[in-house]
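Chain naming follows the written order as A, B, C and D, and within any one chain the residues start at number 1.
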Amino acid sequence: MSENLYEPIPMRIVRRYDLVENVRFFQVRPVEIERALTINYKPGQFMMISLFGVGEAPFSISSSPSRPGLLEFGIRKIGVLTEELFKLKENEIIHIRGPYGNGFPIEKMYGYNLIIVAGGLGAVPLRSLLLYALDNRDLFKKIYFLYGARRPNEMLFLREFLELKEREDLECLLTVDKDDTGSWTEKIGVVTELFKYLKDIDPQKTYAAVCGPPVMYRFVIDKLVNLQIPKHQILMTLERRMRCGMGKCGHCVIGSIYTCVDGPVFTYWDVLHMKDLI
Amino acid sequence: MKAYKLKKEYLKEYLKSLEDFGEVWGPIKKGEIDVYEKITDYSLLNLNALRPILPLKKFLIPPKFNTFFYTKDGKYENALKEVKRKIVFGVHPCEIHALLTLDRLYKERYPDYYYLTHRKSTWIIALSCVPDDKCFARSLNTHFVEEGFDLGFTDLEDYYLVWVGSSEGDDLLRHRLDLFDEKITSKDLNRYIEWRKWRDNQYQLNLDLTAMPDIMELSYDLEIWNEIGERCLSCGTCSMICPTCTCFNIADHLGIDDEPGRRERFWDSCMLKIFALVAGGHNFREKRVDRVKLWYTHKLKAFITEFGKPACVGCGRCIANCPVNINVAEITKILKGEEVKK
Amino acid sequence: MDKEKKLKIGFYEFSGCAGDLLTIIHNEDYLLKVWNSAEIISFRLATSKRDEKANLDIAFVEGSITAEEQIEELRKIREKSRILIALGTCASFGGLQSMYSHLGDFSSRFNSIYPHKFTILKPIESKPLESYVKVDYFIPGCPIDFKLFLFNFTRLLRNLPVELPSYPVCIECKWQENNCLLLKKIPCLGPLTRAGCQARCPTHNLPCVGCFGPYEDLNLPSWLKTLQENNIPFKELEKKIRMFFGVKVKEILSKLKNKK
Amino acid sequence: MKKIKVDLVSRIEGHGNIYIELSNNKLKNIRFEVFEGPRLFETLVLEKTPEEVLNIVCRICAICNVSHRYSAIRALEKIGNIKVPKEITLLRDLAHYGEMLESHSLHLFFLSLPDFLGFPDAVSMAEKFPELVQIGLKIKKFGNSLMEKILGRIMHGENMIIGGFGRYLTLEELSNIKKEAEKLLPEAIKAWEITHDLHYTTFGEESMLFVCLKPPTDEYGFWGDEVLISNGEEYPVEKFYSFIEEKILPYSSAKHSYYQNRPYMVGALARMSLLGERLHNASAEAFKKSYSLSWIRNPLYNNLAQAIEIIFSLEKVISTTEELLKGLSSLKETSLTYQKFNGKAVGSVEAPRGTLFHYYEFKNKKCVKANLIIPTAQNYASIEQHLKTCVCNIIKKFGTKEEEMIKEAEKIIRAYDPCISCSCHIVKTS
C-alpha cells in the first residue's frame, strides 16, 4: 500500500444497474486484481469514491466482507459527483480509498439477536450487515430485517430481499407507505408498524441497527426503547459532510467526535448525551 | 538536555551558516505585523516578534497545495515528492505546544502523508519570548516547552542559552560548534532561574480556564451566545490564524488542453456557512451562532476530551486579529459572567 | 474526450469596459489553449471570423444591459445557447453603472450628460443580464480572475457546473498574511465580498471595494456596526456597498431594515 | 441608391458599424456609427471621495485603465495640492509604459496586423507568422506583468493611489523587470522592421492636424501640462481643454471633437510626428528610418508609430528601473489623510490612443463635477474624414467595389485604434 492514504486506487466497474429510479447499484473490483483480497472492511464502513476532475465523496459499502473480491455500492443521484458517476458504463474506471469509519461492532454482536431496521436508502449500509450475518448465521441468534420504502418502486434490492423471505432463519419484513402498483404482496404501512411482528425478544440479548431518513429515527427508536433494548445496543449510522474520511478535514466534527472515524455508526446513548448529533 | 551558550553577536552568522542545511526562515516585520519568511537579509529578522500572523501550520499544511495530479488517461501522480528543508527560527513555546497537538492529530490514526512529508523537513529553533497584553500562555501552561524543538534559544540579554532538543538539533549546533560555549557556570544558572521568574510574571492576561468544558456544556443554550453569533462576520479569520485550526477542503481542477488535472487541498473554516452543508441541501450549522459555538466547543472542550488538553495554546492571535473582537479571552470572560471591556 | 466534438462557444459584450474578455486575451500562456479546446463561434474583440447563426453550447456574456436594443440582442444569444454565463460583475450584478438603479432617476441623470436627442440607441437604466434572461451561471469580478475563469471554463467543457469560492475575501486575505484593515477601522469590504481575486487590494494595504460582488453569507449589520462605532457615517458605508454590488444592494439593505 | 453596412466592426474595442451610401456610383454618405450602451460615468463619480473616484474611473476602459487612473490622479493631486517624490512618478510611469506595451501590442499584433497580412485573427496568422505572433504575445505579457506587479493586477489594479502607492514592488522584482525588458528589446526591433516593410495603401491620404501633450523635459514622453499642436501652437492643458468644440451626432453615442473647426488626431502617430525628434537610441534610429512625409497624411502609419513607441517604452522601462533601483527603498507606504480637498483641475496624460483629459471639481472632499475627454472621441471626426477620402479614391480607382471599400475602411478604422467604450463618455455641453 502507498504511504499516502489519500491516494485512491483504480477500480473497474463490473456491473451497474438501477436499483430504483435515481439509485444505482455499482459493483467494482480493483483494476490490479492482486489487490482484490487485500481490501478488508467491516459492515457499516464506507469508502471515498473519486472521479478525477469531479471530486470525491463518501459512500457506504453495501457488500459484505464475507464475500470478498468485489465491492458494492448503492448510490443516489443527488449532485455533481453522483450525476457524473451515473454517466459511467461498465468497464470504466473509478478510484476509491478506504475503508473508513468504525463500522458495526460485529464482534460484540455475536450471540445476540439482530433487529435491522432500514428506511429508503438506509438499506445500502444495512445490507452489508444483513449479508454478513446471514453468511455467518450461526454466530447470531434471531435476525429480523425490517425495511420500509415509500412505494414499491422505491425499494432497493427488492428482488434480493423477496428471495430472502424464503429463508427460515431470517424474518424479512418489507413494507411500503403506499402501494401505487396494485401488485404489492407485502405489508403496507410505515416501518414502525412492522414492530408488531417481533415476538419473544430478549431485549438484553438484542442489538438493533437503524439507518434511514432523519424523520424515521425518532419513531423507530421510540419503538426500540419500548422494547427495552439498552440504549447502547441501539446502533444507528449518521451522515455528515466529509472530505478526508480520516478525521483530519474537520467537516464531520460534532462536538468532540469525528463522524468519519468515531462513526458513522453511533449508539443511541451517544446521541442522547452528545449535542447536535442528530 | 544539553545546553550551550551563544553570544548574541554571533546569532546572524550562525543562522546564516545553517543555510548549508536548507532554507532559513524566521519572523520578519510586514507593516505592523510579523510573518514567517525565508530570510535573505538577516538584519530584517525581528527577534521581538510575538505572533507571526500565520503560525507554524503554514509550513506543515500550506494554505493551498496540490495533493496529486492525474493525467489525461486517468493516472495518479504524486504531487509532493520532495520538500526543501526549512529551518524555522524564532518559534515561541506556545506555538510548539500547538505543533505537538498537530503532531498527534496528523501523525496518529491515519497518518497524513502531506503533513508528515512537510513535518520531516521542517526543523524548529525555538526562541524564548516576553508576553504582551494578548498572550495568556501561562494560563494554559503552554509558556514553556521541553520537547518539540530541535534547538531552543533562551534570551539572557547578552547571550542565548541554547538547548539541544533532538539529534537534528545536535547536527545544527555542531555545524558551528566554534561559535558556542560549552561551559555553563553557576552564574549562568542563576541568571536563567531569575529570568524564568521574571518572565512568568510578565503575563498581563491571565484567564482561569478551569472547568471550561463544563461551562461550555452548561452555557450551550444561553442567550449570550446569540449576541456573539450576531456579531460574528463569518469571515473565517480566526480559523486561518489559530495555530491549532487545520480544517481543509478539497477541489479538483481539470487541466486545459494537454495539461494534467490536479486535486487541490486548501484551508477551510467551520465558521463558513457551507462547511456543514450536505448533499440535498441540509445544513447542520445553518446559523452563525451554531458555528461560533462549535469553534469554541472544539477549542475549549472537545480537544480536552480527545487529547487531555484544550486546543487553545494562548498565543493571542484571535485577540489580535478578529475584526469584531470575538476571541478566547472574550468568550471565557463572557461565559463566566465577568465584566468585559469593549 | 478527444473523440468528442469540441463545444461551440461564443464571447459577447454589452456595456462594460471589456475587461473580462481582455482578461482572457491577456493570459498569453493560456490564450491558445483556450482557443484550441473549443470551437470559437464568436469573439469579436479577437477575430473577424464569426457565425451569427450557429447554435452555441456556451455563451459567455460580459457587460450590463443599458439600452433597449441590447435586450433584443441578449435574447437572441440566449435563444441559441444551451448555457449562458454572466461574465464579470457588470453582467452578474449590473456593475458600477447600476449603483443608482434603486433611485429611479435614470432619465434626469441621462439628460445631464446627453442633453440632445439620441437616435442610435434607446438608453435605459443599467441592469444585469438576469433581469432579462435566464442566466445559468455567474462568474463575477471587475474584472474576472483568470484562474477562477479557467477553473470554471474547464469544468464547463466537461459539462460540470460553475463553482465559485464559497467564502469571503478575508480567507484569501489571511492566506496572503495581511493585517486586517478593519482592525484599523478602514472600511474594507472583504467580509462582505466573495473571494476569487486572491485578496489583491488588502494585499496592497488598500481596502477591498467589493468588486467580486456580495458573498452569500455576509453579515452586514455587524460590519456596519463596527465601523459606525468608529464614527464612519452610514451614508459613507452604504455608498461603498453600492459601488459594485449593483442590483443586489436592494435585497441586502432590505434585510437590514427588517432587522431594525 | 446603394447602401452598404458592416455591422459591428470586429477587432476593435467596443461597438461600431460602417455605413456607406452610394448614388450614381458616387459616395453620398459615409458614417462610422458608434454606439455603446451609456454607463454615465460622469454621474457615477458625483458625491464620491477622491479615492472612490479612482476606484470608479479606471473602470471606464480595461485597455487603458492606467491612463484613466493616472489622469485622474494628476487632476486630484492638483486639487489636493499634493506633491509626490520623483520615485513615485517614475513608478507610475513604469506602470504607464506597461500599459503602452500592452495596448500597442494588442492593437498592432492582434487587431491591426491581421488586416495587412490577410488573416481573420492573430491565431490564424500564427500559422504563417509564428514568430511575429510570439513576439506580440511576449511584449503584451510583459506589459501586463508590469501593471500586475506595480498595480496589483493586469487591469483595474488599485495600488496607484493619491500620494503614492499602497505597496511597493521589491528590488528583486524591479531588477527582473529590467532584465526582461533588455531581453525583449531586440524582438521589438524585429517587429518594427516587419511593420516598417508593410505595404501602406494611400487611399485615405489627407492632410492632418496632430495634437499631443508636451513632456515637461525635452524628452519624448507620455504626460505633460501643456498641449502641442502641429500648427505650431502650444497651450496649457486647461486652456486647450476649454477650446475643444463638440458636435452632437444622431447616429453616435460619441461626439465629434474639433479644434478651430478642424478635425484633429491624437495618438502614437501624432506624438511621433510632434515629438519624434526627441527620441534617442534604438527608437530614434527606427524613427529616422521610418518617418516620411506620408506620415502627416496617412493614418495607417499609426501602426508603425506604435511599433516605434513599443521600442521607446522598452527603452524607458530599462532606464526607469535603473533609476528606481537606486531610490525605491526610500519610499514609504502611502496612507494619506487630508483635511481639505476643494477646487478644480484638469489632469492629463497620453493614453495609448491619444491625449486624455480628466476634469474634476471638489467641494468638502466630495466630487461635485466631472468631465472626461477621451482620445477616440477626439479622433472621431478625423476617422470619418479619412473614411470619406478613402472611399472616394477607391471609387475613382476601382469603381464601386464593395469588398475593396470595406477592407480599406476597416483598415483605417483599426489603424486609429479606436476604443469605443472610452469614447462614449462625452462632455457635458453647457
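The criterion applied here is as follows: a contact is a pair of C-beta atoms (placed from the backbone, for glycine too) under 8 Å apart; a residue touches a chain by one contact, two chains touch by 3 or more.
Bear in mind the structure is a predicted one, so any value in this text is a computation, not a measurement.
Peer 1: Measuring from CA centroids, which chain ends up nearest the centre of the complete protein set?
Peer 2: Going by the distance between chain centres and the overall C-alpha centre, it is C.
Peer 1: What whole-number Å value describes the gap between the mean CA coordinates of chain C and chain D?
Peer 2: One centre to the other, that is 26 Å.
Peer 1: Between chain B and chain D, what distance separates the C-alpha centroids? Give it in angstrom.
Peer 2: Using C-alpha averages as centres, the distance is 51 Å.
Peer 1: When the centre of a chain is set as the mean of its C-alpha atoms, what distance in Å lies between chain A and chain B?
Peer 2: 39
Peer 1: Just curious, how far off is chain C from chain B if you go by their C-alpha centres, in Å?
Peer 2: Those two chain centres are 37 Å apart.
Peer 1: Residues of chain B that touch two or more other chains: which are they?
Peer 2: Expected reply: 31, 251, 253-254, 268.
Peer 1: Hunt down the residues of chain C that sit against at least two other chains at once, touch-wise.
Peer 2: Chain C, residues with two or more chain partners: 158, 160, 205.
Peer 1: Using the touch rule from the top of the page, what residues of chain A touch 2 or more other chains?
Peer 2: Residues 53-54 of chain A touch two or more partner chains.
Peer 1: Report the complete set of touching chain pairs.
Peer 2: In this structure, the chains touch in these pairs: A-B, A-C, B-C, C-D.
Peer 1: Quick check on the complex: what are the chain C residues that touch chain D?
Peer 2: Result: residues 14-19, 22-23, 25-26, 28-29, 31-32, 35, 44-50, 63-67, 70, 95-97, 99-100, 109-110, 112-121, 123, 126, 142-143, 197, 200-201, 203-206, 209, 211, 239-240, 243 of chain C touch chain D.
Peer 1: Name, in rising order, each residue of chain B that touches chain A in their complex.
Peer 2: Touch list, chain B to chain A: 67-68, 70, 74, 76, 78, 105-106, 109-114, 220, 246-254, 261, 263, 268, 270, 275-280, 284, 290, 294, 297-298, 301-303, 305-306.
Peer 1: Along chain B, where are the residues that touch chain C in the complex?
Peer 2: Per the touch definition, chain B meets chain C at residues 30-33, 35, 53-54, 63-64, 72, 230-237, 240-241, 251, 253-257, 259, 267-269, 272-274, 288, 321, 323-324.
Peer 1: List the residues on chain A that touch chain B in their complex, please.
Peer 2: Within the complex, chain A touches chain B at residues 3-8, 10, 52-57, 78-79, 82, 93, 95, 239-241, 243-244, 246-251, 253-257, 261, 275-276.
Peer 1: What residues of chain A sit close enough to touch chain C in their complex?
Peer 2: 53-54, 80, 84
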